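The structure appears right after this line, and notes come after that.
Chain IDs A, B, C, D, E and F follow the sequence of writing; residue 1 opens each chain.
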Amino acid sequence: MMPNVRSRQFWLPHPLFSLFLALLWLLMVNDLSVAHALLGLALGVAIPIVTHAFWPEEAKIRRPLPLLRYLGMLLVDILRSNLVVALRILRPARQLRPGFFTYPLTLDDDFAITLLASTISLTPGTVSLHYDGEANTLLIHALHLEDEAEAIAAIRTRYEQPLEEIFR
Amino acid sequence: MTLALIILFPLLGALLPALYRRATCRRLACLAALPAVSSLLLLLSLLPRVSSGETIIAELDWLPSLGLNLALRLDALGLLFALLITGIGALILLFARYYFEGSASAARFFTLVLSFMAVMLGIVLSENLLFMLVFWELTSLVSFLLIGFHSDRQAARLGARMSLVITGGGGLALLGGIVLLGQAAGSYELSVVLEAGEQIRAHEHYGLMLNLILLGAFTKSAQFPFHLWLPHAMTAPTPVSAYLHSATMVKAGLFLLARLHPALADTELWFHLVTLTGMLTLMVGAFVAMFMHDMKGLLAYSTVSHLGLIMLLLGLGTPMALAAALFHLVCHALFKAPLFMMAGYVDRATGTRDMRRINGMWRFMPTLMALSAIPAAAMAGLPLMSGYLSKKMLFGESLRVVAPEWATLVIPAWVTLAGLFSVAYSIRIFHNVYFNGRPIDLPVWPPREPRKAALTPIALLALATLAVGIAPQGLYATLVHPAFEAARQVPLPAYDVATLGGPRTGLMSLIALAGGALFYAIRGPLFRLHARLPEVDAKEIFDWAMRRAIALSQRRVFQLENGSLQRYLTFIMITVVVLVGVELLAVARWNGGVPLGPLDPLTVLAAGLLCLASIGVVVFHHHRLPALLLLGVTGLFVTVAFARFSAPDLALTQLMVEVMAVVIMMLALSFLPQQSPRESTRPRMARDLAIAGLVGGGVAAFSFAILTRPQHTISDFFLANSLPGGGGTNVVNVILVDFRGFDTLGEITVLGIAAVAVFAFTRDLHLKERVVDTNPGHWVAEPHPIMLSTVARLVLPIALLVSAYIFLRGHNQPGGGFIAGLITAVAFTLQYMAGGLVWAQSRMLTAFRPLIGAGLLIAVATGLGSWLFGYPFLTSAHGHFHLPLVGEFELATAMLFDLGVYATVVGATLLVLANLGKLMTVAGPGKEIG
Amino acid sequence: MNHALILPILLPLITGASLLLLYRLPFGVQRLAGLTSTLGLALLGAWALVTAGAGEYRLYHAGDWPAPYGIVLILDRLSALMLALTATLGLGCLLYASRGIDRRGAHFHALFQFQLAGLNGAFLTGDLFNLFVFFEILLIASYALLLHGGGRARSRAGLHYVIINLVGSALFLVALGTLYGLTGTLNMADLAIKVAAAPTGDAPLLAAANMVLLVVFGIKAAILPLLFWLPRAYSAASAPVAALFAIMTKVGVYAILRVFLLVFGLGEAPVNAAAWQWLWPLALATLALGGVGVLGSDSLRTLTAYLVIISVGTLLATLSLVTPATLAAALFYLIHSTGMAAAFFLLADLLGQQRDEGYDRFSVAAPVGHRGVLGSLFFLAAIAMVGLPPFGGFVSKAWILQASADEPRGLWLWGVLLTAALLTLIAVSRTGSSWFWRPGGAGEAEARPLDRGCLAIVCAMVAINGLLAALGEPVMAYLALTAEQLMTPQAYIAAMLPETLAFAQEVSP
Amino acid sequence: MIAIVIPIAMTLFAVAALLNLYRLAIGPDIVDRILALDTLMINSIALIVLADLRMGLGVLFELALLIALMGFVGTVAMSKYLLRGDVIE
Amino acid sequence: MELLYAMTLGVLTTCGVYLLLRARTFTVILGLTLLSHAVNLYLFASGRLVAGAPAIVGLTERSADPLPQALVLTAIVIGFAMTAFVVVLALKAAVELRNDHVDGENPDEDRL
Amino acid sequence: MSPLDMPWTLQLVVAAFLLVGALVALIGSWGLAKLPDFYTRLHGPTKASTLGVGCTLIGSLLFFSHQQDGVSVQEALVTIFLFATAPVSAHMMGKAALRRRLGGVPGTRNPPER
């Protein structure tokens, strides 16, 4: 399970990730001294060694820039979704038309699927409830489901396709 | 030294038979006789000195603080008894040589008898009363072993236990009495005690003291109603009966009272207790002996009766009563031992001891008959016999009693009647055995007389009896009178035994003789009458009483200790309520006067919710999962309370701990029923609520009282020294790792042990069936949802980074090793949940137990580090360091200590969780996780 | 800097932790490590006796912080006595366990060392909260050891034991909170001064805290009505563990002594008076219950457990007369009863192993192998236990009687004590005669192998009890001085807080 | 301005917490209760942060972070328990 | 404030003790946990109630008493260890004795 | 250091964040209390509370970033963490509800087979 102690795989499985951790450390301690930079780097090396076995696959993010764009869009959608959901909540409950629908996925990367499912849960009126690995579908509950096909199409174009690009 | 040798000879000699277990009985007897005779000779060599009134004392310190010294004393009283013990003992050994011929257990017998001889000598030769008590108890113990010699017989076991319980119990009482006596006299040395009679009798505890001592003496000397053990001791081999239960051990009580006579006697209480007990014993023994069909039983009861007689004499308080008592004591030993021997021979020759079957033995054992005629006559008190003299002395003394009034008439009449009985049973044992028709249905046929040599001990004792009867003055002058003087502690006029008595005593003797003979003559109807009386079997009574007592104890104890935790907890709570409540009643002012802090609505709300949540736990406790959720809520609000009142470290810790605890409980809950049955009745609930309410009210009152009282605390020291002395600004953390680091070391030790304990006792736990059936085959229930596992993996490194952050800042800001450790543990726990136990376990860098061990060792090693610099354990050091390039940074040994805390916490938490998870998953005993 | 004083805690702690770290070590090595460490503790115990015997208090400032701020260990005669007793007992139990019982569960040796560390810590610390921490260490280790070997009876008894002790711990914290809230300190010497100087309005609260502590220590020491966890817990534990537990009740007694005589013992109207008053009847009742329980026991281990209860009752009743003489006598009894209870638990196992069925139960009439040897041993052990001469029990009983004779209440103690002894005598004589004398069935011939090592250990423990009587004088002298030391808390305070010496003398009783 | 807003915000969050507790109490299903508890945890993060803001000390953020972490872990554990009948398998 | 705090403690304690006296291990553990909350808060209160002043040097003018906080921290950790232990033990007992009554027997009874 | 030292614009922004956050969270919790079935109730917290707390945290971030020099990153961390985990929590709870065969409110479209 563990890679050889002599190998780079052992000492620096995710160099970028190590750097990220060091950066995060500096932010967290809020101190840009050399001491903390060294400490941050040390942690950046040490933590992946400990956790590498739990996360053996290399990250498959091919294009970081679209990811950032995606996240920005997500933020906007979250704000929008909150507004929508707030209104739905404040209106009388009998006006709700809740419903379930199954969303057929085209993504096949675990991380990407997770990202999509999270997105769905964070955005307007939908929560992803169950991922069926065999059929590669997501079971989604919508707070207000007018048209199933429309909902599926919206998710496809707005979220899944950008994600496909990022993880292709 | 000589005195010690007298005891040591038989004591060490007891080892000889044990060493030569395989030797023949004869050789064993010789080996055994050697020390006995040596002691006897030593005693005889001292006889002239002692008879002339000298008291030899030898002393060696043992436990002077206790007043218990190895002090020996030989005066005439002791000598009298010591001679009896060694002399008769030697003869008993001789007798046993024939009695045990061909028996495999002879060696054991000789060892025990010699041990007994030694401890019995110890009683009579002790100068120190506590030392005497040591021997006293030892005689009970050795006697227990001797009575139970034939341990395969139930009667023997019961008899042995009975004697041990009664005499041992008496010994305990005696211990009490002697301690009181020693306190009253100021010493346990007899030479002091015997001089302090006035002081002792005036002591406030004299009555209790006397009662306790008499209890000891009465039980040992088989006085009514403690006599019951003696007849049942007859299950012992006959040499034992002859030795212990007629000649020596049963005389220990009499010896003790004679010994302590100057210290205790001559009070009204003494007179009443001793005399009345003696009278009762005398009569009961004599009466029962009459009707015994068992030879040894008859002899035993007759012994009881004689012991009562001597006791009576000891109680009388007339000038010469003590002399009479001692004289009779010797006579009794001399005639009772041979009678027991006779019973032994007849028993062996016929195979039974039932006098209804043993008849006409004169035909078969003429020599034995001739020899036993003498002691039998002495027991009956026929003229010219030793018993005659002692009986006349008894009658004489009974007539001299002047006070109290009732006694002047009752006692003479009483002793005459007892004398009558004793004549009757003496005739009976002789006549019934040797005459009275033909033997009936004997198990051994034909009875054979023992070899002539075997009769030597009887012959010698019979001879002695005869000698005393014929020339009593010899015995009296050389032994009894000096002993009498030694016992009374004053020189006394001599007493001519041969010529004593007057017409009235003669008349009393005559009545006894004639009456006894008459009584025996009409025994047939009397026996039939007696047979109709309800049979009282002491053994059964004892056994029944014991069973009863045990059953009763069992019931009583198990009514209390019934294995119900609920009851025990109720007891504890009630105890708290009562003990504390009584004190709290005295509280004058609950409000200590410090002005109350202002209330704000949010706090009121939080407090209200905390209360509601905890009440919710109670209300919902039948539904376990909801109750668990509510418990989580209470924990959350406790966290909020800590945060509210300036304890961020506590809030952090409480939160982590709470969630971990809830997770652990939930793990456990998956094996338990999901509902608790409603089993409490309403009154029961009301009762428990009342108890709980009282405890809760107490806690509330307590805390209100404290909160409103002004505070004086040592904490200013910590606030002032935290930075300069401990190198940290977070005072709580500095206390934890520095000021009171020792506590923290203990705390992580507890955590580590708890985890290892969980590992240890779940290691071989089999979960054959789960209590809940959860059908995981549902379409939605895959074990490791992708979303969860993906996010969990993301969380892990970040959480570790956070935990490093929390760890490092802990010394200055809220945080520290414990919280960091829990964060790490939680992050890994998430991996268990997301990926499963096997998956996650195989990815751990280390096992958990060594992590715990390492953590503890790091903490300890940090503490030990200060030794190198000459400081005590856990002394901290900290400093600012400067490295080129790196710049200024701070290091404290406390950090290293905290690292130990961190490692222990991680290891312990994960060990518990993994092993709980293991129960369901790997489910293979022997498969160790962590 | 002499660090020997902290070693009784650190040595077993390090050994235990190392055994965890190196958990893959061969079992023999683990065993050896445990034995070596315990032997070391015995030597330290001897050192402590010698050191404390000189009469000086010896202090160890953990972290180099002065009292009352830091945690200070303090060695006086009583602590030294308890250390030595624990180590000796521990060594005996561990040797016995090393004959095979230690293999029946995981980490026996590590847990055993932790247990010893907890005990020693409790005996050494001069800080009340630290005492709580060491209580928890010794408790958690004892929970684990109690469960060693597994089985239903242990689970059930263990559960009760654990829950009751958790309640006890909660109460301990309540008492600590009260004391700290009212006095603002935790060091026992400092507490003593602050308690004595507390405003009168606080006195009932302090007395109430004292009562809570009485309950806490009463649970540990097992006094009525807090003792019911004991019989099943002790009789369920494996033999060496039960034997070690003989010292556990004494920890409660130790704590009672420390707290009542020191923390609440100063001042003109000491707070402890009420607690002593409660303790007296409760202890007597405990003693009586123990006597009845001994008679009603259904197995040798239960019987021994009740003997432990008797010993606690005797000890506390004697102690609660609070004179130097009774204290000393009680301490002697403590030594005797601890050793003999342990020996009896081991003996019960030794006998139980010899029986085909029923183990140590009385109701089963299975024959015992090796009757001669075991019977003799039982006989001697029973004599020692009942308190018959020539063993330590006799001396201690005589001493207790002597010491309490002058007290007006002493005779009550006499009555109950002697009756309990009689009941014990009845019970053990029944047991002995039915096990060793009653003719056995067919199984009598084929005795199981008798572990000579185990036998030797039990013999040694009984022999030590004999030696306690034979060579009792120096022990008694030591204990008399111990009692004197306990009765003069001012000296303790002066040693702990030299600067407050003058104040301590001012408020001396 | 902030000084005025903080108590208002706190009150709003407190009302939210009360609503959570209401759901926690009435259920009806255990999942509802878990959801309520999860929401309560999240709301209490805000309360903690606001309290810290009010004190102006900045010592409670770690608490907020940990509540978030522990709330997540707790919710996952409980859901997993309902889903599978155990938590770690 | 103090009265409110004290009363809250009282309620917590009452609930804890009541649950402690029930017949099922799980319930007893719930009770123990509540009780330990109460006790920790009690011990905490021995340093009095101070708002907005954590014991961090230099943060505020006066600060809360740090010592009880350290004590409570230790108590919480020990309590955690004990809870974990007793939970697993209760589980073991329930599995071995085939019911989760505190006495492992008479499973349908509330015993005195 | 008191809030008064802050420029009023920043104060305004912080206050707005705090108020909006609280309102959003309240609505979310209101939804939790009011909505008719579990699945609909799941929506409120997943979005509203997350955002509500997020806003509060950002307000706090701004506040403390001004009070203490440098960016206070912890709040951001909490926010990100919440946003990352809330969907997973909802996912898990939703699965649990499905597993427990909870039905939707009457009128729910395509209710999952039980």
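The rule is simple: a contact is a pair of C-beta atoms (placed from the backbone, for glycine too) under 8 Å apart; a residue touches a chain by one contact, two chains touch by 3 or more.
Given the structure is predicted, the values throughout are model-derived calculations rather than measurements.
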Intersection of contact partners for chain B and chain C: E
Shared chain contacts [chain D and chain F, defined touch]: B
Most widely separated chain from chain B, with each centre as the mean of CA atoms: A
Innermost chain, where centres are averages of C-alpha coordinates: C
Comparison of D-E and A-B (more C-beta pairs in contact): A-B
Whole-Å separation of chain centres (CA-atom averages), chain C against chain E: 28
Chain centre separation in whole Å, for chain E relative to chain B (CA means): 40
Euclidean distance of C-alpha centroids - chain A vs chain D, Å: 22
Mean-CA-position distance for chain C and chain A (Å): 61
Where chain D touches two or more other chains at once, by residue number: 10, 17, 30, 34, 59, 62, 65, 69, 71-72, 76, 78, 80, 83
Multi-partner residues of chain C (each touching 2 or more other chains): 129, 133, 136, 140, 143, 147, 159-160, 163, 167, 174, 177-178, 180-181, 186
Where chain A touches two or more other chains at once, by residue number: 24, 28, 117-118, 128, 130
Pairs of chains found to touch, sorted by chain label: A-B, A-F, B-C, B-D, B-E, B-F, C-E, D-E, D-F
Chain F-touching residues of chain B, taken from the complex the two chains share: 778, 780-781, 785, 787-788, 791, 794-795, 798, 802
For the chain E and chain D complex, residues of the former touching the latter: 52, 54, 56, 59-60
Touching residues (chain side chain F, partner chain B) in the complex: 77, 81, 84-85, 87-88, 91-92, 95, 98-99
Residues of chain F defined as touching chain A within the complex: 24, 27-28, 30-31, 34-37, 39-40, 42-44, 46-48, 50-51, 68, 70-74, 77, 83-84, 86-88, 90-91, 94-95, 97-98, 104-105, 107-112
Footprint of chain F on chain D - complex, ascending: 1-6, 8-10, 12-13, 15-17, 19-20, 22-23, 29-32, 34-36, 38-39, 42-43, 45-46, 49-50, 52-53, 56, 58, 61-62, 64-65, 68-69, 71-72, 75-76, 78-80, 82-83
